[in-house]
Each structure stands twice: as structure tokens, then as C-alpha cells.
Amino acid sequence: MDRGTPTTPAARSNGGNGRRTAPHNGRTSLAPHPDRLLPPETGQRAIARRLYDSVRDLPLISPHGHVDPRLLAEDQPFPDPASLLVTPDHYVTRLLHAHGVSLPELGLRDQDGTEPAAPREVWRAFCSHWHLFLGTASRQWLESELHEVLGVEVQPSAETADELFDELTARLGEPAYRPRALYESFNIAVLATTDDPADDLRHHRALAEDPTWSGRVVPTFRPDRYLDATGSGWVRSLDHLAAVSGIDTGDYAGLVRALETRREFFREHGATATDHSAPDARMAFLPEQEASRLFDAVRAGTADEQEAGLLSRQLLGEMARMSSEDGMVMALHTGSRRNHHPETLRRFGPDTGHDIPLQAEFTQALQPMLERFGTHPRFQTVLFTLDETVFSRELAPLAGFYPSVYLGAPWWFLDAPRAMQRFRDAVTETAGFHRNAGFIDDTRGFCSIPARHDTARRVDAAHLSGLVAEHVLSESDAAQVIRDLNERQPRIAFGL
Amino acid sequence: MDRGTPTTPAARSNGGNGRRTAPHNGRTSLAPHPDRLLPPETGQRAIARRLYDSVRDLPLISPHGHVDPRLLAEDQPFPDPASLLVTPDHYVTRLLHAHGVSLPELGLRDQDGTEPAAPREVWRAFCSHWHLFLGTASRQWLESELHEVLGVEVQPSAETADELFDELTARLGEPAYRPRALYESFNIAVLATTDDPADDLRHHRALAEDPTWSGRVVPTFRPDRYLDATGSGWVRSLDHLAAVSGIDTGDYAGLVRALETRREFFREHGATATDHSAPDARMAFLPEQEASRLFDAVRAGTADEQEAGLLSRQLLGEMARMSSEDGMVMALHTGSRRNHHPETLRRFGPDTGHDIPLQAEFTQALQPMLERFGTHPRFQTVLFTLDETVFSRELAPLAGFYPSVYLGAPWWFLDAPRAMQRFRDAVTETAGFHRNAGFIDDTRGFCSIPARHDTARRVDAAHLSGLVAEHVLSESDAAQVIRDLNERQPRIAFGL
Amino acid sequence: MDRGTPTTPAARSNGGNGRRTAPHNGRTSLAPHPDRLLPPETGQRAIARRLYDSVRDLPLISPHGHVDPRLLAEDQPFPDPASLLVTPDHYVTRLLHAHGVSLPELGLRDQDGTEPAAPREVWRAFCSHWHLFLGTASRQWLESELHEVLGVEVQPSAETADELFDELTARLGEPAYRPRALYESFNIAVLATTDDPADDLRHHRALAEDPTWSGRVVPTFRPDRYLDATGSGWVRSLDHLAAVSGIDTGDYAGLVRALETRREFFREHGATATDHSAPDARMAFLPEQEASRLFDAVRAGTADEQEAGLLSRQLLGEMARMSSEDGMVMALHTGSRRNHHPETLRRFGPDTGHDIPLQAEFTQALQPMLERFGTHPRFQTVLFTLDETVFSRELAPLAGFYPSVYLGAPWWFLDAPRAMQRFRDAVTETAGFHRNAGFIDDTRGFCSIPARHDTARRVDAAHLSGLVAEHVLSESDAAQVIRDLNERQPRIAFGL
């Protein structure tokens, strides 16, 4: 497969090799340039182009993301472009919200009974604000996605909105645009989903048992709601876990055992990693008796917020300990203040665009854990951050000493070309290339997977071309590095 | 007006279009290159040049700065180059101080009766240390200012100091170099000053009522000394405010009312914004009764420093509340440790070059305020920082969700070409271009206004040319963006 | 001497001018490109090349490093390449450790009696992991060192390891590769070592008294173990200091006097600076009586950790006071969490690759000290950091006001080309070039000295060429700046 050219029938029939076709009827053509994101200087661009070409058709390894496995298990067609590209993508809705478009106008349903706009209206709102995405990572992905996956030839705008809506709705109904067909055309080698420990993994099982399906979709164990003892729903979550696992979670040892059991269940279904969100990376390692006492107090509602926080860190520490025993890779996505705007949370729920990053600190936070497991032969962790300052200051030095520590790719707000360049510049001089976990797309938007990996490959090609042009690396070394970043590193780091 | 060429008669008569003329008598010519700050690579430079040309003659919008309105109201000539360019500019005096030149040698008067050097001596000190400014933002501005505004053709040096002093002193006496004539030649569309709430705004009124004056100079409400309850002069300030407003500021409600009244007075004189300095951006929202009690304790001198700090944050919170009601934009300039060197403060007063930035944090600090006003239809805030780490981590994510939050331009130590590039790189991928408040010159140096805007335009042209050369933006999109950054964005963000 | 070409006989006989010779027998040639680290764009590279050429042969000034003076005093040959380049270099061993090579396999001796690998085995382990250093600063230095100092022509690899080991072991036995001969060929003007206050400086004296030796090797006073009252060995250190100095260190005044006496002893042996490691830069200035009480409590073991920390800061403050009196420059290397992995510390001791940087803060931390000594005519400090965020936020503003504050070069993990570029970009616009202390190599690897200085000169040439190409500096100004950075600035900043 050649991702420089379109990946679906409609796109292919467009010719779509990046030549800019003349706009007609006053509309602007949408045709991402084949050399986009590569450096302008001619000599360096040629190097970058060769490096990019050497990896652009490699299969995609996606060790972390938020695609719903049901999508592939059921293989239903996507209904329309707004439901596919706008309403569920909080990168998109948040920026439109900042420009005064309300979330119901973008199709979000609230708790107060406000009627969300119909998909066509949502699409119009999106298209008429298209210029507001100029310069953003989302614009890059959407341009690639619209053109290369969905075969669109004109820029979204107020004028083209209806025409594009009809064109895309029709196209999405075609067999070639169903999830499984797209999975094939995206050339995905392995896709990890993100799943609740209480999930029965029926969709993963269905896929595994389906003789017509040859893809690899593995679950990831994401136990946040059982570990975060500060939230109001924690006790209810424990009860749910007890019901699913058949293990009484009414005391500390029970919760630990239930989690261990569910990890085992996940491993049986192909999981190789756990994933964790927390405000920071601190973990506690209390004596069992003290942990039990703390658990009882929090569960009884007699503990204060600080104690609940300590228990949460203790439970995260248990996850590290379990990883050192069962070998599941521990991916840490820390550092966000979730749900910054309470009224938006109340009306629209979480993951609606107002999680805001916090200052990060890893050196002190991780010391107690790394003291225990940092050189343990079975333990492995991948560290992500939303605070760029820790790349050169903490993460590269940690990954440059501890065999268990891998550098996670720039994540979320940092999953964008210039931020990715800064990441490479910040970590490479200390940790080299082979302490990296490779790229993760972290996406909820299934159709954005190829665009995101393609962006990462272009940025790496650009970065490496600079080192080659400055005679820091030979071009053959650079070619090996970019291949390793796309094949070897994610497999090693995530145990895939 | 063509700012690529000189803006004053003397400068124009120099030819002054940036051609380097041969130095004579062993002196080095001063002729800023027409392509300065544009990228070296030929293809990209051509793009940058076109983008820059498309905006360089746009009128200047200056929504924040420290020009004294009396300057324009009275229109007196500037006395000499040292009094104009050296003594009042703490960017200049601080670096000379770091190299061992004392502040009295730079014309500053101290409390101990040390006689400050005469302007010619000050000018000599400045010229003989001119090379120490190499690479600084000040050097850029001064070169532009000297050449393009003031028509200077040779580099300052020990050898040229006297000749330049005489030449400039004579020139500043000419009608074309008076403040109003310069205002015209600078092509300023609107200039906001920074004013004390107790100010009677007589100079603004005089300008507004002067039929021979067609410029727009608006005040900005800057109430720091009434909000900062930790300082020793706070009670005296409240008394002064009471005298001016005719409202008793002896209790909390009175102070609030007095501030509201003065805001109204400012709005009647054209103000659209308030401006605030504080160590950080935290605001408190106490129940009125608690705020009153706190006020009474601080006013009576029975409160400790922590309580005084809380009251200060409470009063800043009141400003946010008032903005949500009266629609004045709330500009926040936080994050400096003022007056780092107490002996220099004692001798020379504040704003003498030893305010040093602090770590900044906005995500937690602003949460209580944004919870209340973040989506309020009348509320708007512009956030500035001296800590670059918050650009990608906090400010872009906040501005990319809250409709009320605008990104302030890189400020003070960061108002320099490379820092501006880093700012654009840090925020654009998350927030795009249209959450920016545009450029502010923030200057005390009236004659530096065109140089500072010109620098910003060049840097934006350079930045955008990179995105065009990498095929991230089309050149026509980039041209629209740079126009928006110079026209639409500051007007929208500051309500102008 | 021409450092673009090899500096030793064997290297010179290789031709070694950077032409890539064809690899033979499937091996890859090792020939660092003459234009490495210079910018790719042709026009800018030409500027950079001229700037680099203008300084590449200047004598090396090394005001801070960890070369053992015995090396030069005794002038014994280096035994083999592993003992020279691998085992003692924690930049190298840490990254190999991260890739699963144990420290005994790299020649480190532990406390448990594990037999370390023989040098040839160590060298094999190093060579077979050579690709893991791609992109790191260490790779740059090692390539230069191997090729230009040691005359190696092929890349290390599993295949070439034995051959290289034999070749290098033989070469190191030749007279031209003894330390003193290398010192000559490196063209070192002055080399500062780092020494314990109790050291008798016999090697410095031996060199000074040796009529056959014409180099300049000066000690640096590094009193960490006597100032850090939090460590378990502190009391023992005081006793040792008492024995050496003949001054009772049993009370505060005695310790202060003993330290003053040793500083004087160091100055008599040519020292111009003191050097300090601490978690942060805070200093305390307690009244003498309070300091005495604190000292007594800590010494008696009745104080808690917080009090011990306060005493440590008090003692660091005494160092600043002494510097203001005796004129020794105070170099601060703060901000590392030493010995992050306790088990590695226990087995292998300190400086074994697991010191991890911490967040830094200078504005508040240094205020009390700068309030006292910031404008003192005899006081001078050079500030280093492992946290890049303070470069633009704190260090450049401090150095841009206080005449006593100099900017230390990017240090340790930041002593690498891209990080050095970021440093220049971060500080120059605020502080210019002449508040910099110039480059320090900070190395334990004697043979890496020329490679490290050469890297710094190339990066400065690259950085300045960008400013010249953007018409920010004239090329003649840039040439003066790069000369100043290599000659004038380190001599001024370190009092050499």
C-alpha cells in the first residue's frame, strides 16, 4: 500500500497523488502536498523524502488508542461525516467551542434536554469554521483523512458543506468504507484498544473467533476508576468489579486480588499492557496493613481527600508491582487536570475538551517505584507527558539509565509536527533513539489512524534529515533508525 | 506609509531603504537590512518577504503600552537622545548595569542625592557599550529606531557618540520630530495607555476635545495598587481613591463600589480594558461577608501576610466579576518578582530593571475564575506570561476551549524574535491563529513603537513562511492569517 | 594546531581530514565530516564555516572539569581503550545499562565482589552496542576522539572490536599518547581540576615545580561534603577537615575558619574558583548565634532533616560571603537528584549514571544572596542548570541585571548540540553574548576535551551564522563574538 496516494477506491479514482488541481466554481482544492512537513531546503528535503519513502508503507503498529472494538466486531457503516469526524472528536469540538459554537450545535447531547443539532447542521458549522483550524494538528489530520481516506477534493467551507455532506454520506455507505475494509486498507498490523477491567471483552473475542477476520486487535487494561479513590463513584466501581470478577472487593486484599484476576483475563485475550491516567506519576508503597486500614477508611467515607489520594497512589503502586510479576507493560498518561469546566462536565460529561495539562514532575514522583522495579527484569513502563519541560530534564535521563523506562511519544496537545520535533530534539541527545516507544496515535477517530502515523513518519523523516544534513548521522544509519522507530521500538516497548 | 523605508524627513532624505552604504572615516554604517529577521533559505525568504510586504504598511494597533498621554497632549519636543532612548528604558539600563555602568551614570536620579550624569555623558556611556547589545531585542529596536525614525547613518560608538548626540538633539527640536508628528508618521490607528484608576484622564480628554487632533488614544484601567493589599502603601492608596471617587473606601463594599465607579469613568473616556500585574494569576471568590471581614483585618493591620495575599486575590476576582458585567477586557500580566534588588529599589524606585520572572501556573490558578466566567458572553481575558513553559502546556489548551480566553503576545523578556517564534510554534498547533490577541508593544519608548511592531510582523512572516514552505498552509491562507493577526485579532481581543 | 585535522601522530598519518574513505571488508569508515554540526543551507554554512575556522585553533580554556591532576603529574600511559573510554564515563555506561548491559560487564567493581569484566570484554560490549549512541552527544565526542585523537578509521562494531582494542592498546603505549603529550597536542591554555578542600594539592604542586612542564593546571575548591549537613558522612568529613587544617571544626565558627583557611591554601596553589553541587540554589543567612545553635544540634544528631537542610544552605551562604571577600568565583552546579537508584549506589558508589535532574528555581532561591552580594564589586557567580526552563525565564534576566552573575554553559545532559542551540536562543535576546561564562567541558575523560570544545565552537558558529544570515549581526560582529566566547568570557567569568 502506498499511503502517499489515496487508500480507498474513491480516493484512488481521484488520482489524488497530491497534485494541486485547479479549484473550480470558486472553491479551493483539497490536495495535501506530497512533501508536506518535509524541510524546505532542497538538499535536506531530498534526504527527508528518501527516509519518508522508506517507511511510509510499513504496516501500522498502534499500541495505544481509543477505537471501540465493537466498530470492527460489528462492522456497521459510519452514518455521516459529522458523526464520524466532528461530534466525537474533542480536538475539533473544543476549538469550535472556543470560537463560540456551542457543543449542542456540534451534536453533543446534554443532561438538560437541549436538542443537539442534526448531523447536516453540525457539518455546516464545522465547514464554515474550517479556517480556524489553520496551523493546528487537527487540520493536518483532517486534510489527509478527507482527501486520502475519503476522497474529498475540495476544502470544506460554508459553500461546500452540503455537497460534501451528501458526497461523504453516500460514500460511507459503500462496502469499501466499512470499518473492516478500512482496517485492511490502512494496513494495520496490530491495534490496541483501551478497556475497562470489568469489560467482558466480547468484541475482542468475537474478532478472535471470526474466521473471516485476520486482523490483530488487543485490549489494554485501564483501571483508572478502580484506582482513583478520590472520586465519588469509586465505591460503586468496586462493587461492579466484585460482581464481574466474583471476588469480594470489600477489603484491600480483595480489590488487589480482583484486579490481578482481571489482568489475567485481559492477558488471556491478548493484552500486553495496562494504561493509567492520574494527575501525576506518584506511587505509594505502604505496608499491607497500613494500606488495608487506609482502604477501609476511604471506603467507609471517614477519610479525608489527602488519604484518598494516598490510597490512589498506593493502588497505582500495586499496578507497578503486578506488572513486575505478570510482565504487562505499564503505560502512564499523567498530568492532566480533568474536567476543568464543571458546568460543561455536568451537561456533557467527561472527554469534552476541557482537560487542561498541569506541571509535571517525574524524578521525585517515580523514585520510590523505580527503586523497587526500575531494574526488574520483567517490569517495563512507558512514560507520557503533557509538559514538554520534562523531556530533556527528566524523561530522557530516566530512560537513559533504567532498562525498564521507555519514552512515550509526544501526546495529545503535543502530538503535532513542531511539538514532535521539539520532543526529538529534547530527548535524543541524552537517550538516543532506541529508548523510544515509537508512535502512538491515541485516537478516538478510526479514520485518522493513517493520517496520524503518516504525520509522525514525516516528522521523523524531517528530523533525521536534519541530522544527516548536519553530518551527525549517516543516511544509512538514519534509515535504520526510522525503520526501528516504526517497527522494533513499539513492539519492544509494548511487548507486542 | 512605507515602514520599510524611513518614516521621518531626515530619514527619508538619507535614502535609507536599507542599502548598506560604505562606512566613512572608519565608522560603521547603520542600515538595517531590508530582509532582516527573514529566513535565510532563498525560496522561503521570498515567501516571507511577500507576507511581510503585505502587512508592513498596515496601521498600528497598540492595545497595551506605557506611553504617557501627556506626551501627545502637550506635544513638547524630546530634549536629547539620552533622555529619549537611554535613561527611561530599563531594557537598556539593566544590561549596561550588568556590565558595571551605574544607574546614575545612565541618568537615573537616586534618593541619596547622587548627581546623575548629564545627558551627553549618558549618551557617551551608551554608545561606547553599544556592542554589548549584540543579539538582543533592544539592539534590533534601537537600530530600527535610530535609522528609520531618527535618520542616523552610523553605528553608535565611543567615536561617534558626540556627533550623534549633537545631530539627534538638533533633529529632535524640529517640528517633524514632535510627538504628534511622529504619531502621524508612525501610522498609529489606536494607542492604549496604562493609567491609575484615580487619574483624572485630563490628557485623554484634552486630546479628545482637540479639533486639530485626529488620533485615537484610550486609557486602560490599571488598579494594581488598590488591589495589592500586601504592600505598605495600600491603605494610603485607598484613601486617595476615596478622595478622587467621593466614595468611602473604608469598607469592602465601598472599595468595590469605588472601583466600579472609576471603571465607568474610564469607559466614558474610551477605555475598553483593564490591566493587572500580580505575582500569579490566582483569584479568590469568597462570600461577601468573609471578604469584608478580611478587608477589615488587613486595613486594621491585624492580618498576616497570607491573609493580605488572599484579599488581593479576592479583589482580583472582583475585577473578573466586574469585567463580566461591564465588558471591559481583563488583561493579565502576571509572573514577575518585582524589585528583586532592594537596595536598587530604595535608591532608584521601581521599574529599574530588576524585576525577575517566576515560574507560572495557570491551569489551577485560573480554574475558579473560569468556572465562573469562562463561558460568560461578556467576559474576556488576555493572558500574558514570562514563563514560556505555559505556552503549550496551559495557555494554548485554555484558549483552545474557553471562548473568553485570548493568548497574549510574548511579553517583556520574550518580546524578541526567537522567543516569538517559539511562542508561535508552541501555541499554534493547539489553538490555531485566531485565539491570539495580536501584538502589543508594551513600550515606554514612544519612538520604539514602529520598530517593535515591525519586528513582530517580520517574525510572523518568517514563521508563516516556514509553514507555507512545508506545505502546511497555502500562501493565500498565510496572507490572510498575517493580516488577521495585525488587524482583526487585537481589535477583537481588546474590544477596540 | 589544526583541530579540524587529527591532533596526534597516528591520526595525522591517517590523512584524517574528514574525507570519508570507502569502508573495506564490510566495515564502516569512521571519519567525522569537516562540516559536521554546521547548518545545511549553503549560504549559511559558508558563514558558519568561516566563523568556525576563525576559532577552531584557539587554545582551550577549561575552567571546570574532573580530570585527575595525578594524570598529568605522573604521566603514566593509559592502559587500554575500555579503561580510558568506557568504564569511567557515566554518560556511556548509563546508556548501555539502560539497554541491559550490567555495570560489571562494563568494568565497574561492586561491593558484593562480582568480578568486573576484563577490559577486552568491556570493549566488546561497548563496540557491539555502538549504534545505540546514534544521535547522542557522546557519539559525537567519541567519534571525534577516536578519529582525531586516537587515529581510528573504522566504526566500532562487534566485528571490529578486537582489532580496535589491540590497535588502541598499542597506540596508547606510545609516548605521543601519554597525558602530557596529549595535553600539549590539545593546545590547552589552562585546565581547572575539581578538588576536595582537604586535598593537599600535591599533584598541582608537583606540576608547578616541574621545570619540564609548562602547562597551567589549577585546582578548584569543591566543599560539598563539608557543607551538606544532611548526609550521614558529614561529621566524619568535618573531623577529616579538622585534621588537615589543624583547626577544630567542632563548632560553627571553627568550621567557617577551617574552610576559609583551605580556600586560602587553594588560592596559593592557583585556584580562582569554588564549585558547588546542591539540590537547589537556596542559601541562608542566619545570625551567627542561630547558625551556631543549628550546627550544634545537627552535629549532635538531635536536629531533623529540615534543620540539617537549613544548615547546609547557611554554609553555602557562607561560601558566597567568603567569595565576596576573597574574590574566588562561586560556580553553582545545582539541580540534580543524586543517586536515584539506591541499589546501584550501594553496589557501585556515586557518579554511576543515575543522578536525575530536578525542576530548578533561581529567582526566589538566589534573592537573599543577591540582595547581599549581587552588586558587590568582588563577588562573582556562574550559574549552571539542568533545567532548560530557567534559561530565558530566570538566568538571562538575572545575568542581565546583576554584574556579578554569569551564565554557565549548558551542562551535563544539556551539553549537546541542539540543547546548546536552545540555550543560545533562550538567553541571548535578553542578556546578549557578554554575560556568558563561555564553554566548560566538565569532563572526566581527558581525551574528550578537544572534542567537547570543538563541538561547542561548531554549535556557536552555527548559531551565529543564523543571526548573520538573518541580518541580525554583521559577520564581523559575529566573528568578534565567537572569539570573545572562547577567550575573553571564560577568563573574565572564572577570574583566570
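Going by the order they are written in, the chains are A, B and C; count residues from 1 in each one.
In this section, contacts are C-beta pairs under 8 Å (C-beta built on N, C-alpha and C of every residue); 3 or more make two chains touch, one makes a residue touch a chain.
This is a predicted model, so every value here is computed, not measured.
Homomeric contact chain A/chain B: same residue numbering on both sides for under half of the interface positions. Copies chain B and chain C of the same sequence differ in orientation by 120 degrees, per CA superposition (steps of 5). Centroid to centroid, with C-alpha atoms defining each point, chain A and chain B lie 40 Å apart.
In chain A, the residues touching two or more other chains are 41, 389. Residue ranges of chain C in contact with chain B, taken from their complex: 41, 43-44, 361, 363-364, 367, 370-371, 374-375, 389, 392-394, 396-403, 405, 425-426, 428-435, 466-467, 469-474, 477, 480-481. Across the interface of their complex, chain B is touched by residues 28, 32-33, 35-41, 94-95, 97-100, 131-137, 139-140, 337, 340-344, 353-354, 356-359, 386-389, 413-414, 416-419, 422 of chain A.
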